[in-house]
Amino acid sequence: MLWPITYERKVRYGDIDSQGIVFNGNYLTYYDDAITDLFIAAELTPDVTHAAGYDVVTAHATVDFRATAGLFETLEVDVRVARIGNTSVTFSLQSRVGDRITTEATIIYVTVDAETLKPVPVPETFAAAMQAVHDEQIVR
Amino acid sequence: MLWPITYERKVRYGDIDSQGIVFNGNYLTYYDDAITDLFIAAELTPDVTHAAGYDVVTAHATVDFRATAGLFETLEVDVRVARIGNTSVTFSLQSRVGDRITTEATIIYVTVDAETLKPVPVPETFAAAMQAVHDEQIVR
Amino acid sequence: MLWPITYERKVRYGDIDSQGIVFNGNYLTYYDDAITDLFIAAELTPDVTHAAGYDVVTAHATVDFRATAGLFETLEVDVRVARIGNTSVTFSLQSRVGDRITTEATIIYVTVDAETLKPVPVPETFAAAMQAVHDEQIVR
Amino acid sequence: MLWPITYERKVRYGDIDSQGIVFNGNYLTYYDDAITDLFIAAELTPDVTHAAGYDVVTAHATVDFRATAGLFETLEVDVRVARIGNTSVTFSLQSRVGDRITTEATIIYVTVDAETLKPVPVPETFAAAMQAVHDEQIVR
């Protein structure tokens, strides 16, 4: 599997709980950070999507916790678009400390009209911009 | 459906993002807070579980985002044990602003040996303590 | 000393660090929460101040850390306006677990024009609204 | 002024508030991250200080907010030891977006006995380790 973006975060005091491991509640934020980096790489920042009349909202998240990460370890969060549907975009993500996978996740965004916030078909410009930063063909 | 615990959190500046709504990455933390309150109500704090030789770890989370919550709104997070399996405990959760459901979630904990961190059967004392704060029979 | 607002927060897993005490980095957020409650009590929400043409920005914070707070303890954060200056408002704050003071702080806001963000004199309507929720005379 | 450590953080959705700028409550966490990096560079991690019988606790923080930082901007946090006292270590910090200083801070740590948590003189090994990563002579 190829990951177009890997977001790195060194684990610090504010990230861990009294067990000395990354607090589980932080992972959704790390995933959001990684997806944000993917959008930046694809040049799909809010000003661009708003100018094109649409926005994205988080609709679903599934996270499996496999192992723990500790203080000063570097967490690497890999992200790619797994599938583009009619009005949704599915991301696959995993977090690792080196080769040790700590979590795996699927997160689904829905494309919505920037004014009405009602779902709209994923714009072809969005799909093309995402494809441009993926080496593998994105499933449609 | 009956919810033994409802955790309340007024939405404040630190909770929202630039869209003026609760940042999606915060929900796992609110869920953790609600489950913590359920454990406290059942008198299953860490000192109690450690003394009994086990601990719990988060294994899985599924979240569906239904609607948004805004500044100064009060988010209520309902939680209950949906099922107790052999080595796992499944929680059902939802967050609401009044009657408007903003998210629904399923979170699974695994009971582990406090020393080896290997999965162990859910202790009967745990199941009994949880049942004591639920009006409905917990599915086994 | 009289405190018009006391903000309560039960200490949870996400609040503490590996030493099992509230992470020092969280206190500015708790203070912001307490000041927000004071603004709400005084009916000085953003819509009100924006309609009157001004906004407030944080200019300064001083925090003294006196003692620690641990898991499941209830932190109470007291706040009052200590002084209203020409273009600034000084808040006094303290956090406690019962009678044990954990931190003391001074935070200064500056009133700014809602459009230009340049400092403007503290509006008399602001001073009057704050005075209305304080039993003691606010120093001018 | 020479800064031995500069901690970088790209501003993301979870860092900003509804005004689109970094939430003021987050700065103490960024400072803690920067000081942590300085301790790591000086090889003064918790295992090292605990083995030597002491620990450090945060005693005081002063922050001046000068300017704002926005989404996707890179915040750079500079830190150095400004002074080592009898039982305290004073850090100077600033955060910048390029040359634009957004905050300036002074944070004071106290060295304490690892067992009793009572203040103890700053160990010479600590002072020497910190000096080794500073080009300028640290004030004693």
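The letters A, B, C and D name the chains in turn, as written, and every chain counts its residues from 1.
Keep in mind that, in the parts below, a contact is a pair of C-beta atoms (placed from the backbone, for glycine too) under 8 Å apart; a residue touches a chain by one contact, two chains touch by 3 or more.
Remember, it's a predicted structure, so these values are computed and weren't measured experimentally.
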item: Same or different residue numbers at the subunit B/subunit C copy interface, by half rule; value: same
item: Greatest separation from subunit C - chain, by CA centre; value: A
item: Between the pairs B-D and A-D, the one where more C-beta pairs touch; value: B-D
item: Centre-to-centre distance between subunit D and subunit C (centres being mean Cα positions), rounded to whole Å; value: 24
item: Distance from subunit D to subunit A - Cα centre to Cα centre, in angstrom; value: 30
item: Gap in Å, rounded to a whole number, between the CA centres of subunit D and subunit B; value: 35
item: Residues within subunit D bordering two or more other chains; value: 13-14, 23, 25-26, 29, 32, 71
item: Subunit B - residues contacting subunit A, complex; value: 23-29, 31-32, 57-65
item: Touch list for subunit C against partner subunit B, complex; value: 12-14, 29, 32-33, 36, 40, 45-46, 71-72
item: Of all residues in subunit B, those that touch subunit D in their complex; value: 13-14, 16-20, 23, 25-26, 71
